[in-house]
Amino acid sequence: MNRFGERFAFTTFGESHGKALGCVVDGVPAGLEIDEAFIQSELDRRKPGKSKFETQRKESDTVEILSGVFEGKTTGTPIAMVIYNENQKSKDYSNVKDLFRPGHADYTYFHKYGIRDYRGGGRSSARETAARVAAGAIAKLMLRELGIGVMSGIVEIDGIHAGENLDFEHAKQSQIFALDPSVEEAQKEAVEQALNAHDSVGGAAYIRVTGAPAGLGEPMYRKLDGAIADAMMGLNAVKAVEIGDGVAASRSKGSRNNDQITSKGFESNHAGGILGGISNGDDIITKVYFKPTPSIFIEQKTVDVHNNDQTYFLKGRHDPCVAIRGSIVCESMMALVLADMVLLNMGRKMDHLKALYPQS
Amino acid sequence: MNRFGERFAFTTFGESHGKALGCVVDGVPAGLEIDEAFIQSELDRRKPGKSKFETQRKESDTVEILSGVFEGKTTGTPIAMVIYNENQKSKDYSNVKDLFRPGHADYTYFHKYGIRDYRGGGRSSARETAARVAAGAIAKLMLRELGIGVMSGIVEIDGIHAGENLDFEHAKQSQIFALDPSVEEAQKEAVEQALNAHDSVGGAAYIRVTGAPAGLGEPMYRKLDGAIADAMMGLNAVKAVEIGDGVAASRSKGSRNNDQITSKGFESNHAGGILGGISNGDDIITKVYFKPTPSIFIEQKTVDVHNNDQTYFLKGRHDPCVAIRGSIVCESMMALVLADMVLLNMGRKMDHLKALYPQS
Amino acid sequence: MNRFGERFAFTTFGESHGKALGCVVDGVPAGLEIDEAFIQSELDRRKPGKSKFETQRKESDTVEILSGVFEGKTTGTPIAMVIYNENQKSKDYSNVKDLFRPGHADYTYFHKYGIRDYRGGGRSSARETAARVAAGAIAKLMLRELGIGVMSGIVEIDGIHAGENLDFEHAKQSQIFALDPSVEEAQKEAVEQALNAHDSVGGAAYIRVTGAPAGLGEPMYRKLDGAIADAMMGLNAVKAVEIGDGVAASRSKGSRNNDQITSKGFESNHAGGILGGISNGDDIITKVYFKPTPSIFIEQKTVDVHNNDQTYFLKGRHDPCVAIRGSIVCESMMALVLADMVLLNMGRKMDHLKALYPQS
Amino acid sequence: MNRFGERFAFTTFGESHGKALGCVVDGVPAGLEIDEAFIQSELDRRKPGKSKFETQRKESDTVEILSGVFEGKTTGTPIAMVIYNENQKSKDYSNVKDLFRPGHADYTYFHKYGIRDYRGGGRSSARETAARVAAGAIAKLMLRELGIGVMSGIVEIDGIHAGENLDFEHAKQSQIFALDPSVEEAQKEAVEQALNAHDSVGGAAYIRVTGAPAGLGEPMYRKLDGAIADAMMGLNAVKAVEIGDGVAASRSKGSRNNDQITSKGFESNHAGGILGGISNGDDIITKVYFKPTPSIFIEQKTVDVHNNDQTYFLKGRHDPCVAIRGSIVCESMMALVLADMVLLNMGRKMDHLKALYPQS
């Protein structure tokens, strides 16, 4: 099941060290202008090797559109995009191909499928997320036409948390996508210390949606918060998802946590813009927690495919903190969820039908 | 979209104060023995009015099976179950029918659909979860045949957290489903204080799965953790979901968080039994955080359907802490997710096909 | 998989001799007025025992709405409908419970599920179609609001085919739903002869849709013609489906078969209103061919569940020509397909989105 | 909706004159050996320009696998295949870009999407079926492992019908895939006459499945016959689908049409191997009727996008009888339907679960 979404649906394919990866985006409305440079710029935000805080694998991540766009506009047919892998044959895997890397999906893929592409994690590699970002860029182009914005950044690294004021413009320029400049240096230092110790750190991304109308989300079983949780928890290394105040809400009282309503709108936004699984018109707020990168350069215990005890010692290049580049993927997934919800919501009242199917 | 699951799929219907609610469970394998008393006992665990810690609404929640079972066994056809509402006409809603209750889905349902059943929240009422529990009971019967167990309880109320040792047998008997007897009284007191203050408190449920084989979960877009997060976050009042160590994992180091592997199994279970979205054979662990019940008996600001400022003052009966009965629903949803994953996993390798389709 | 449709989706449940059968219709837009008498009248058209041309089983087929309708209108939540079986325990099946009836699904259900409800065919009984008709009535109410009409009748029985002029008003009153009064008597006689010979005859239904806008149908894999073919061929006893000229089109020339276009519309309708799987605004025309009822009162060869040779001799009551009542079910399925297509089509162009999501 | 299948699911993309077309096949079991030469040979059977009976467009239809195969075997991850268009810029479309070709999807695509890729039909071109054939080849490889064979040929052209004896080996060698050598010349002549008259003819394909076990097909709403009808009717130019005796069954009597059962199997196969929507273990038989190619070289009436009356006069190259190459696509679709049904059937009884999930 490599497909996400009901109406604005995308399917991804590809392995870390295979020929290519890519996606097919199905359900994009016809007549949307496609800004190819924007799609590439989104991929560039995610691509590795931009600073010492990221893996040094070099990939240009150049995306090519194969279908679905004609004379600069979508035609309503599926949009296939492909990214050829350049870094395909860089390494000899013979010494690790029978070992399971602790904290990785090697063990579970092998037990599920009885076979695995051991080159860099194969399909389970975070490299797959490049395809999500390409699809997400199309979603953003569509949402932009409706006045809906999606933005993200890093609020926490190694337990060092941002303050109240989050600066999304700053995050765009920051090497670690930091939302709070006042803790950025401390956060960077935590990453560097982990690097120097051949270890890794975790962190948290924060995603905000502005301009979303009330009414998005499909009860009971494609609620907006459920869909967001699915999208985020389904990302590699994510272990917790919060909507609005999240865990803190569960430690609040009803009298404090309820967002009271006035004719000018909600007085607060503890709910993170979602009530009963449906958007309420306020900003939609999500926090996503990533575990520390499992790839560390310290000896670990493991077994091989024959269940013999072994020692694992990793070489190579890896993000010391997957949350950093992960935040861009969260942002893309949020856009993809919302694009789907915008389409799913159409036809939920008879007024919609009467507006789009006027009788002659 | 009132359907959940791909292969072991259920659809629910019904409103809080309508004639009935129920579900249709589709995809249950033929030949499963159906223990009707067990299904009823699961509903009894969730039903209201069992103690002062729950709403005093009286419902027997008697379930009737309409189809799909013949001579005590499933036939492979859909199992419809219905629960008639007894408490259907108990109240006059005329004074609140145009008001939005703060923290509730009234506002969003109205904006989505342009119409709402204002009686007790209508479809958005937590009463809908009775249907989930009925469906979940079927899932549990199936999982039991495969040696898979699902259990739950309360780990936290109003910030008072259980210790390390969780006692699932104790939780079954506890009025608040408490997993740690040593904090149970303090947790109960917190609920009572809120009750007395006409306020409400939040809490957290803990769900453990034992006996699940490695290999469950469908990359990329129906991963086990993503599906669990969807199932849990889609429950009323849930604002955060953790897998394994959750938020704490994001504050750990890779060297500490990785579960090292030996020929006897994993040395720890920070991952909560899931790697790369697929079960690894260890216990599957989830924590689910509920906000305090939005229904409180304190005056709040709101607006009416014409956006006039109004004051809202609730009467009636409500759970002071929705997490308590919510934990049973989490357990049911977990069973439903796993039952689906068990079926989805079939056919993922050619060996499966050759075993089930031997050539004559 | 007991669910049909993507957006206007229904799930049916129930067996021929179980407690009840019914359906849950999901995705109906909010604000649609529900005329319960109309729904019942649709069920009355399909119900058995109205004339000698139908089975003499007595069922009132009284439908009860359990959810989804509030103060006479849909709320956007699922509409559950239930029809309790009255004729539940009428017969002793002990002598046939291990036998497979030739031409029936007994054999295949047993081989698929390893178990079967042998009472009157269980789930495979045509009785299940009552639930389809209930769901179809909701679809018709929705389509009516958009000016789309669906009508049906019988064009052929035992090879006796209607002429060019089809009279849908006549069909409504006809005991055999005959579209051509000039052949009606001959068709009736064919049925009676089969009855007298303890045999059965086949026939064909004709379904016409008027007022459907151009643009319905989802390429590539939920085309309008594909969806219609699926819906019709999936009915018991159907063995062939034609769109427009059907088989005759394949014996025509391109120069004759192409519907030429003028500024006043298409000059002919060989295509049956569908081009490339999408409606062209013309009437949508389908013909559906039913095999003769497999239940005949003549000795036949069969085997039992242990594969021993046996003789089968049926007693009881059966439609001598399933096409007759089947035509009503075809009409319902057509309405259900179109209702789904109407919803699926929303959001296929950016103009739709801009109309329904105006920016403030 | 460019995806077909539930478990063995494929998504296609691409336009007639775009950069490339292709597919992503999702749900293929891991451990299947992939014979790339076989996949290419399947595409070669469908590719144009092999004889005067086909369009003279030249395309090598070389397929490239981008993902999902590792060391010659499937890994359980999605298999992406791409076919680059060589014949991309061959023509000036300026004089026809605003005209609708009679009998084509131009009119309906334009009305649905408000925009269309007018180059050779864009997405609605039969060229899309190359992607289906590539996906179908994977399905065939899987079915072959289970002893299931799929074969096809032409039984009728321009009303000239094959006799009783069908020779599938002959069809493979025949330029028109003729199943009956005794009428092949007459069928060829009919095509040539149409060619010479600048006209086109219709025809019918016949598809047979051998070795399918009893039990395939999912009641009620993914029955085997419904799925086949959907797959076939969804092909360009198809206007009728028959299962088994099809239309002729509706003109038979029950006593003749029922396939009686003995301990050695069914005595006849009027049912075409399907009862109640489930395979009965006999050969599965389908006939698919194609209209004559709408592209003819005779002046026709049409309108332009502004609804002005116009005259249409086609130039270029087209198949004079789309049924011929269409038969290969039918065969591929049949394989895809069956592969899906094989997977869907797994888990339909508890015995399946106990076999694949033995408790330790």
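We call the chains A, B, C and D, going by the order they appear; numbering starts again at 1 in every chain.
Everything that follows uses one rule, which is that contacts are C-beta pairs under 8 Å (C-beta built on N, C-alpha and C of every residue); 3 or more make two chains touch, one makes a residue touch a chain.
Just so it is clear, the model here is predicted, and its values are computed rather than measured.
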### Query
So which chain is the furthest away from chain C, centre to centre on CA atoms?
A
#### Entry: Winner on C-beta contact pairs when A-D is weighed against B-D
A-D
### Query
Which of these pairs, B-C, A-C or A-B, matches C-D in more than half of the residue pairs in contact?
A-B
### Task
Using mean C-alpha positions as chain centres, tell me how far chain A is from chain D in Å, no decimals.
37
### Summary
chain B to chain D, mean C-alpha position gap in Å, rounds to 44
## Note on the structure
chain D residues touching 2+ other chains are 1-3, 6, 12, 27, 30-31, 76-77, 112-115, 123, 219, 348-349, 351
### Message
Going by the contact rule set out above, which residues of chain D touch chain A in the complex?
### Response
1-3, 9, 11-15, 18-22, 24, 26-27, 30-31, 64-68, 70, 73, 75-80, 82, 112-117, 122-123
### Query
Which chain A residues qualify as touching chain B in the complex?
1-4, 6, 12, 100, 102-105, 107-109, 111-115, 123-124, 128, 156, 158-159, 194, 199-204, 214-215, 217-223, 225-234, 236, 238-247, 249-255, 257-263, 267, 270-272, 274-281, 289-296, 298, 300-303, 307-309, 323, 344-345, 348-349, 351
### Summary
Contacts from chain C onto chain A in the complex sit at residues 6-7, 27, 29-32, 76-77, 142, 145-147, 213, 219, 342-343, 346-357, 359-360
